[in-house]
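Please find one structure pasted underneath; my questions will follow.
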Amino acid sequence: MNLDLLLQLVVNGLIVGTLYGVVAMCFVLIYKSTQIVNFAQGEFLLIGAWVCWWLMTSFEAPIWIGFPLTFLFMLIFGVLLQVVVLRPMIGEPIISVIMVTIGLSIFFQSLMGWIFGVFAKPFPRVFETESINILGLQVQTAYMMSLVISLVIMVGFYYFFKYSRLGLAMRATAFNQQVAQSLGISVKQVFAMSWAISAMVSALAGVVVGMVNGVSSALSFFGIKVFPAVILGGLDSIVGAIVGGLTIGVLENLAEYFDAQWLHLGNLYTVAPFYVLVIILMIKPYGLFGTKDIERI
Amino acid sequence: MSDAAPLLEVNDVSLVFGGVRALTDINFSVDRGELFSIIGPNGAGKTSMLNCVSGRYSPNQGRILFQGRDVTRLRPNQRCQLGIGRTFQNLALFNHMTVLDNIMVGRHHLMRNNFLTGSLYWLTGAQREELDHRRAVEDIIDFLEISHIRKAVAGTLSYGLRKRVELARAVALKPDLILLDEPMAGMNLEEKEDMARYVIDLNEEWGMTVIMIEHDMGVVMDISHRVMVLDFGKKIADGLPEEVMRNEHVRTAYLGEEAAGDADPNERVA
Amino acid sequence: MAGHATMRCGEFRTSYRADTTIFPTPMSRNFALGGVVLLVLAPLVLNAYYLNLLIQIGYYGIAALGLNILVGFTGQISLGHAAFFGFGAFASAWINNSFGIPVILSIPLAGVLTTAVGMIVGVPAGRIKGLYLAIATLASQFILEDFFARAEWFTGGSSGSLANSISLFGYSMSSDQSYFYVVLFFVVVMFLFGANLLRTRDGRAFVAVRDHYLSAEIMGINLTKYRILSFGISSFYAGIGGALYGHYLGFVSAEGFTILLSIQFLGMVIIGGLGSVMGALLGTTFMVLLPEVMTSLVGSVGDMLPGLSQGVAYIKQMAIGLAIILFLIFEPDGLAHRWKMVKAYWKLYPFSY
Amino acid sequence: ADSITVGHLAAYTGPTSDVGKPYGQGIADAMNYINANGGIDGSQLSFETVDYSYNAPQAIATYKRWMASNPAPVAIQGWGTADTEALVKFVTNDEVFFMSASYSGHLTDPMGKSERTKAAAPYNFFYGPSYSDGCRGVVQWASEDWKAKGGEGKPKFVHMGDNHPYPNAPKEACAAYAEELGFEVLNPIVYSLKPGDFKAQCLSLKESGANYAYLANTSGSNISLVKSCATVGVDTQFISNVWGWDENAQAAAGDAGYGIAWVVGAAGWNSDAPGMETVRAVSRMSDPSGNEARVLHYMRAVCGVFFMHDAMLAAEKMDGGVTGTNIKAAMEQMTDHVPAGLEGVCLPSTWTPDDHRGTNQVLVYKSTPNGFENVYTATLERRPEWLGW
Amino acid sequence: MAEAATRAETKEPILTVNNIEVVYDEVILVLRGVSLEVPEGAIVTLLGPNGAGKSTTLKAISGLLRTEDGEVTRGQVTFMGETINNRAPEEIVRRGIFQVMEGRRIVEDMTVIENLRLGAYTRRDKGVKDDIEMVFDYFPRLRERTGLAGYLSGGEQQMLAIGRALMARPRMILLDEPSMGLSPLLVKEVFNIIRTINREQGITMLLVEQNANMALRQASYGYIMESGKIVLDGTREELLNNEDVKEFYLGGGDDERKSFKNLKSYRRRKRWL
């Protein structure tokens, strides 16, 4: 047993896990208000990262300008996307809308490839110190930034859904669009809101990952990578998304630990979370915090 | 299993949801051939009672005997095989199937072909079986007078028609005991009359024992052999319709009659 | 009564048997028969390219039908279909290579083996529902992919495994022409099986489970059994499709069976129309032809605008994404639905409504 | 003949586009250059570039379309593993000369002599060392490096890469050779082909105390790996394969990337080899300004096309002219051949009818803040047991 | 139907439906020219057998057809002088028409209070809390239900659905079978509440009912619909005294009401069409 290594891995897992949590939250947001699983989530990250990268390299904008501008861009992007593509789909079968997000993902993936090329591009240096030491582990500063922002966002979301008028409207829309409409809720507005927020928050994650690894089309794989986190926490739970993210982050690292120390199977890091996911779902079919479907006749 | 024993026996059943006591120590039995009604205010636990009988809920306490056999722990599909069929208060049709297919699903447990023999349709007798059951289903369709919509997709039908399709599907199960949850809700007088006639026919001619939940007192009084009243999860009365009607509590808490005694039980609820 | 509105003027049947055929009208049956006859003649007129596309539509179409049984009929979304498809490909190659069982038998055997794997993967479906289940199947996608890389005895590891071509009575069916007939045979058989299955007891049970599982259970349907069974049957189709794919390519490597292909399968059934046998084939055709059509369309645009030559590849990909989006905006219920509308129109012609 | 039809399968989009793009551009530019400079003895190369997005069935469909067209191609410039392998059967059958960018060892065994080779691939060629040979070469460098640094005891070697056909390809061959050279071979470490945060793997690497880590993935995920490892403070010497590092990777990795040593198959853009003149001229086919700096893969692509060009020239003089069979035969007659005009750029290569290991030289480069440096050139023996492995 | 306007004398119609035709799925014609008028502040009832198109009419007014692939292909719906057909439903709600849909349609995964707050979604004033109390006063049973609305009994859900409509403080409520599934006591109560609301708050009501007795007792005017057409209309008195209406909708046309028991094989299908 190497406790030092174990500790470092757990810390690493927690930190990467927050990022999973943030992206998972974006999923949950869209799901909660529209019941759509957004397969273009990864592309949202990618677009956010590229836009921020572009602002910061072409105009040499500092991060505190580049980042808010990116947010603004993503806001407009989210609304536009909703108006142009998703609005006509209101009232259509959810599965068709999910397929549309797959189409979007193909579209944006190649659009980004065309505009920005396919090579990974380094992000301009943002923080004086690139990494700081936490419990013996060097951690990139960008992660710490995301940690703080995502905590704020998480708390915000929680209250938003629980208490705000719009939050209620989003939940009602997710329950049944016709019912929501009959209550005077503009399904279009609700959708626009949730896509815009989700796009903005994804951009945060995109920028952070971009800072750490460079920006490249591969970033979009993040979208699929966080599925286990989303499900583990429960599809409709903001808190669940964070817990799921952290759990998956730690799990991956623990798997790596056991693999490297004893098992030597290889690839446990990627696959183990999926085994655990299935086991947890067998015990708790709605994830850790997801609300049960109402089974009543 | 003897004919003398009641078809259904409910012993001491209690059901709790979180803090809500939906049912408390319910006891009753239904004899073969009876047309038994359950009435009571909204939220009294009538539907929950049916759910316990059909297997959707398992009671926290108590036993349910069907044909002398303890079915308390059986899955709904197993109870169906034993001969319990039902309809639902909030429609539960297969919305994307045609009316015909909906009813054919009711024959599921009576059929033998499976995915292998079904795939080889012509070679394995699956076709013959399908056609046999189709014939039986058409009889039901004729009986319930829904032949004009047999090819319609169930989800697009109006509420009243869907209720009727639900009844057809339950009848297709060939149950010994059929549970009807507010079969006449959402129907106008004429349609209620039709429905009442179907229920009576099922009971008298098709030989099914019926348990029916219904809020229309006129119907309940006219056609049921025996009535049980639930309120707040408790049984407050059980007996012949006229007896139950005379119960003070029923009149005030359920029917909302100001003065007891003189009202004609047959008066249309109005 | 309002029933008039739903009564069709163009339907006349005199027996239940006539009412339970796969093809609702004699015309549609003749249509289908004619289609098969045309396909039988196809190799005589079509060149290898078109045959190749038809073969692709064939093996993907079989797998897509399987997925449609799972997603469209039983209502369980699967993101792991590509892994089953791959498993079938590996299994058939393995059975043939290791045991010397002829390919024509190894293909159905691979289907059976894949069924077993599919049922195991389907076990959680007894408890997990909806999107949670979808992600659980995503897990099986990754777990199986990992297995492919690990199980060298089965998959040939990094160098992949060779899949021999079919030989019947000493005649090798390795040319596109002869392989086309093999695929056509399987397509016809599998689609007939599928259509039969879905109009009989178990098929109805699948749909019942999808539409309202609570009442389905009360109607006597064993939910767990049918949920798992549908995984099994769907995997059987995937396995057959995958095996045909493997023997056509002659080489099976884990690289081809990623989540991307799973998503593509999902695209096929959604675009084709969930819950429609015909839809599986239509959707597959759409997804297979789309890149080809886009290549030639965008290629000719690229010729006109030479500056775009590298961009052409991206434009093509974007066009594929866009085509999917536009298609669903205008036909969210899938091709099969459009097909039905066209049929309904003709049936009632010249009385609309 | 007035034109010679060639097919070009490229991966400009899809998962391998980061390296597929410069490589494909190199192929197209080189063929355009040949056409602009007299073609093959007067006949033009008529070629179509098709982006198949790294999707094997789509590649096959394209191949079938080509073969059904008139005239059908006699030669194909291909790309990835899955499609190359799937096409082996077809090109052999149709007798089409096929040059790929998939360097799998078993493609080097045209007669299927080695027991490791499952199917003979007589029409398949590639330019450069196979994955296994590349790894052997860079391990050879590592062994020299260890001695030069005065390392004590047995150096530790570890294979790192995804559990996937491509990274696994040289795993056993290379480990066997490393052991032979006196390395202690550690348990492999797995990291994804998709870029991500690999601190966990880096911590394992650090813990294992490996001296040399062979990165078998492509550059995209290698960038993430070296960056993560730099954060964690790993001081292992990274070595990598031919797709594992390039100028773009170095730019994205920044400081963390310096020091990595990897296999290079041809001269770099800034090389002063005489042949670079030609390469620059080729590059101007798509970049008239001549400003764009091409990455390493571009040069390899150009070499590949020029070898094909030379073979076609030779085939022209044979019975039947430029057919797939004749191009193959011409290739198999080359001994230590370097295409005219590309001296110093392409490695001298030899193909024979029963050995398609084109080159036994492996250039090892190291990335430094001053650019890429050729630190070593390994010359591997042509061991018979390495054929096809 | 021309006389309808003159007969609904007292007040100006707030809602006019003029000869509308509704088609589902582009092929299924359900309403074939329906016209009706609702005067301001009145309760008007719409009766008819199952499948006649009553719910469809209401959905055509409230704009909820579109989510079911339905469309008003001909005719107009005018509310307070403005044409509202094929407008977005949320806009129609904002103009003051609130529909209580058939089958309750409460948001099952929310609590009772959240459902009520949702009803007030279009309001921005401060009175929401008080109105929740008001609803609880009308339906005391709901106050005790703190769990998710999906677990309420059928009748409780119906109360919630009506309560939710009140929360919106609309000018007009379209009620689709509000008494369905309610116990006799509650049916009375609900109709009392409807009348009270109508009287106290001046909310106009268009009431679709199967319980014709009850409905006609509340309403000032009634329409009878069959197979997508209005076949009869008149004031309360006219309808109550119409022999056909008595026989088929009210029961006991002749003198004594028939017992349900003795209806066997007795068939009659008088239709106006």
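We call the chains A, B, C, D and E, going by the order they appear; numbering starts again at 1 in every chain.
By definition in this document, a contact is a pair of C-beta atoms (placed from the backbone, for glycine too) under 8 Å apart; a residue touches a chain by one contact, two chains touch by 3 or more.
Chain-to-protein mapping (UniProt): A = Amino acid/amide ABC transporter membrane protein 1 (HAAT family); B = Amino acid/amide ABC transporter ATP-binding protein 1 (HAAT family); C = Amino acid/amide ABC transporter membrane protein 2 (HAAT family); E = Amino acid/amide ABC transporter ATP-binding protein 2 (HAAT family).
Only a predicted model underlies this, so the values are computations on that prediction, with no experimental measurement involved.
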Could you work out how many touching-chain steps separate chain D from chain E at minimum?
-> 2
Which chains, if any, touch chain A and chain D both?
-> C
Going chain by chain, each one touching the next, work out the least steps from chain A to chain E.
-> 1
Result of counting contacting C-beta pairs for A-C and C-D, higher pair | A-C
Mind having a look at which chain is the central one, using mean CA positions?
-> C
So the chain most remote from chain A by C-alpha centre is B
Roughly how many whole angstrom separate the Cα centroids of chain B and chain E?
-> 28
Would you kindly tell me how far, in whole Å, the mean C-alpha position of chain C lies from that of chain B?
-> 41
Could you grab the centroid distance between chain A and chain B? Build each centroid from C-alpha atoms only and quote it in angstrom.
-> 48
Among chain B residues, those touching two or more other chains are 56, 88-90, 92, 156, 158
Do you know which chain D residues sit against two or more other chains?
-> 13, 21, 163
Residues of chain C engaged with two or more neighbouring chains = 1-3, 6, 146, 149-150, 214-215, 218, 313-314, 317
Chain C to chain D touching residues, read off their complex | 47-53, 56, 146, 149-150, 156-162, 174, 176, 245, 249-251, 253-256, 291-292, 295, 309-310, 312-314, 316-317
Please name which positions on chain D make contact with chain A in the complex.
-> 13, 17-18, 21, 162-163, 187-192, 194-197, 199-201, 203-204, 207-208, 219-221, 223-224, 227, 231-233, 248-249, 251-254
Chain C-facing residues of chain B, complex | 54-56, 75-77, 80-81, 85-86, 88, 92-97, 101, 104-109, 111, 113-115, 118-121, 126-127, 129-131, 134-135, 138, 148-149, 151-152, 156, 158, 169, 173
Spell out the part of chain A that touches chain E in their complex, as residue ranges.
-> 91, 165, 168-169, 171-172, 175-179, 181-188, 291, 294, 296
What does chain A use to touch chain C in their complex?
-> 31, 37, 39, 85, 88-89, 92-93, 95-100, 102-111, 113-114, 224, 227-228, 230-231, 235, 266-267, 270-271, 274-275, 277-278, 281-282, 285-287, 290, 293, 295-297
